[in-house]
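Okay, got some structures for you below.
Both complexes shown next keep subunit A, but they swap its partner, so subunit B is in the first and subunit C is in the second.
Moving on, here comes the complex of A and B:
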């Protein structure tokens, strides 16, 4: 557990853990939750979670304050994240999810920018090279989890800027 | 008790039985007498009482001697009663159980219940006065009451007789007045039926009747106190009764409202108003309907319904929204408050305190913390911070 994580002021505000009935207030509350979830997951390098884990995680359960966000409200927060493009359900039962602190399109853009910058259009990379290779050590997407990377590349594929291909020991991508 | 005459208890031709009730005791005025358990029969012409133990003991009073009747509700250990006020006995009255009595009324005590129905039937008979239309044999002495100007005497006796005469006249006037009222009530029922049937015809034949006529008809009905018959909407177009009541409410509630900070829940109003009235209590529906008219009648009070459904009466001058600013201040000072804590601090009922906090939340001044510890309200930092 990273010690340097700074909780936002809302985390110590008891009403934060009650879904607000006033819609304007709720909008602000949900926005704060979304932002908290993403920064928490980013810092803890957590790319996926189950709902059960989430309930008990300090993210939604402030033991010191003695407040937990009830599971129905957690579902609402997750749905907000999904609508914004930061979350994807991994199963039909909605019991586990992929959490991306940057949306796949944003990652795709960053990767493509690096590819262009380094003049490597029309090159082929393995997924491993992209996220773990020496060349990308200074890039933000270095160390990105595979699930998120795939979605980023799929986004680029949609834009005809890349194509996911099969290589000798797995998958790779060709950039255009 | 001196109006009763002995009778066989058999009905005459043209006299029909209306209702009978066992377990009735007779009082001479307020005094208990030996006639404590009998069957009371009401016919079109008479009130007959027969002793349950001794059927030979049977007596009757012609209904023409009845001035008016009253109900006396049952109490603890006391049965419900009907009080029957009577004209003096005619001088040629047949013999009965008492020669003289100082009381001009009797009481009938219904020890085995049945008072309500009996009273209703007796009232009907008093209204319809069928004994006048269908005379029976002389022995029943249909008495049309004393003729005025008959008395001509001197001295103390003369004065006494004149006073007696005057009293009888008054009694007669009273009973006649009641007669009109009961006739009116019978007529009113007919009128309502008639208006309903006409209203239905209007509704069905919407095209044939001109709008002008419809409006006129509706206004006639409204002036008679019948609410809009076609749309059955009483809100805003309530009956005369509710309009009057609304005006009355202003008089009763003005001061109490000022004492309570300009706002009271409708239940508090209900209790207060009925306590003030003492008798002829208001039903909740009547109160609500009257309150719904307050604003339309431009009276200084108004009915307000909160989102939660709680209804309150406010002075027009009361601005609940302005109260919110001070509510926010109070909550901010204390960090957070529950409805009960807030109520105590401000000196309000918990119900109204909660409504005020909820309104502040609705307006975005406060937000809530709902946990096992209860419902607390905080200043809405979501909006003010960042």
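Moving on, here comes the complex of A and C:
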């Protein structure tokens, strides 16, 4: 599955898996980790993960290099992602998280642009239609996982551009 | 006297027009030309507007090369802290010049860098194990630091034990140098290496040679 994924140079650089003491270097390191996490999850279509999974995943555990990012450092990387809006904890114990390679607001913007472009303001959609319907096949948000989709729609709701409603067999959304 | 000078000038002009192409195209010719100039006490790069550089375009060539070198170093500074091997610099410069550009040798790079150094740009050239490290960011490196860099060149990393065994220094002196390299952003710390902490230099990490300059890094290079 990881065949076509291109690891960045840092992934083969042993010290990348040690939290750097020099603050400037650490900033670069964390930025590279955040970038790597997002591209990895995007390619593997992974929208959520537990911290335990993360520890053993090739993402943080480079077996060939015999280096793995220690769990305390993984927590620091995850916190950086949370601050940037790409991660949300799914439980109080911070044992599992939602990872969004695009922030909810960005997804919301894309969805709303499609709605406007296709002249469908004031229409109602089921969540399924939005991400799995034929009409959206060419859109980037096609195939988006429900958790991320909901947050994208919530972001639009905040801007009064949409309203999440209940429809016959689940949830839907009305766009304004 | 002046008749001789006139003759000399005419010969030079002839030489210049005949060989201008050669100078731009041929690295070996440039070396020979430089050597010849040195023999008669002339530095063709001494001033941008001199007879030599105007007639032969030598100045332009090295000036352009200098600009390219600065661009590569700026783009990669983020990765290697401002320290790069001559090999990697050469590879990146050649890449940037594309298929149809004139060939550029390592000797050309050294000359261009010496020029940059003389202009006070913070460049310096550090000999290590048969080649050179080019420093483009004026980090403070004294003899102790340079010697440790030379030690690291073989494997891309260095340890306190390596330093003590090879250079016969006290632990404290070794640690101070390594701390300094970390502080200057030239080295990264690896605590998962077997035995003791390893200090790796991105500049020497051979694997990097095959890496393209990323879009982010290219953006960093713009003023």
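Convention: the second predicted complex is superposed on the first by the 175 of 176 C-alpha atoms of A that agree within 3 Å, B and C clash if a C-alpha of one lies under 4 Å from a C-alpha of the other, contacts with A are read in each partner's own complex, and residues count from 1 in each chain.
The working rule: a contact is a pair of C-beta atoms (placed from the backbone, for glycine too) under 8 Å apart; a residue touches a chain by one contact, two chains touch by 3 or more.
Small disclaimer: the values here were computed from a predicted structure and weren't measured.
Trainee: Clash or fit: how do subunit B and subunit C relate after the overlay on subunit A?
Mentor: They clash: once the shared chain is superposed, the two partners overlap in space.
Trainee: Check the residue A:161 against both partner chains and state whether it touches subunit B (first), subunit C (second), both, or neither.
Mentor: neither
Trainee: Give one of first, second, both or neither to describe whether A:151 is in contact with subunit B, with subunit C, with both, or with none.
Mentor: Neither subunit B nor subunit C is touched by A:151.
Trainee: Would you check which partner chain A:102 touches, where first means subunit B only, second means subunit C only, and both and neither mean what they say?
Mentor: A:102: touches no partner chain.
Trainee: Would you sort A:14 into first (subunit B), second (subunit C), both or neither based on which partner it touches?
Mentor: both
Trainee: Looking at 5-13, 23-31, 59-67 or 77-85, which bit of subunit C clashes with subunit B?
Mentor: 77-85
Trainee: Would you tell me the residues on subunit A in contact with subunit B in one complex that are also in contact with subunit C in the other?
Mentor: Residues 9, 13-15, 17-18, 20-22, 24-25, 28-29, 66-67, which sit in both footprints.
Trainee: Could you pull out which subunit A residues touch subunit C in their complex?
Mentor: 9, 12-18, 20-22, 24-25, 28-29, 66-68
Trainee: Applying the document's contact rule, which stretches of subunit A touch subunit B when the two form their complex?
Mentor: Going through subunit A, the ones touching subunit B are 9-10, 13-15, 17-18, 20-22, 24-25, 28-29, 32, 66-67.
Trainee: Considering only the defined contacts, which subunit B positions touch subunit A in the complex?
Mentor: For this pair, the touching residues of subunit B are 336, 361-362, 364, 367-371, 373, 376, 378, 380-383, 385.
Trainee: Please give the residue numbers of subunit C that touch subunit A in the complex, ascending.
Mentor: 78-79, 157, 182-183, 185, 188-193, 198, 200, 202, 205, 207-208, 211
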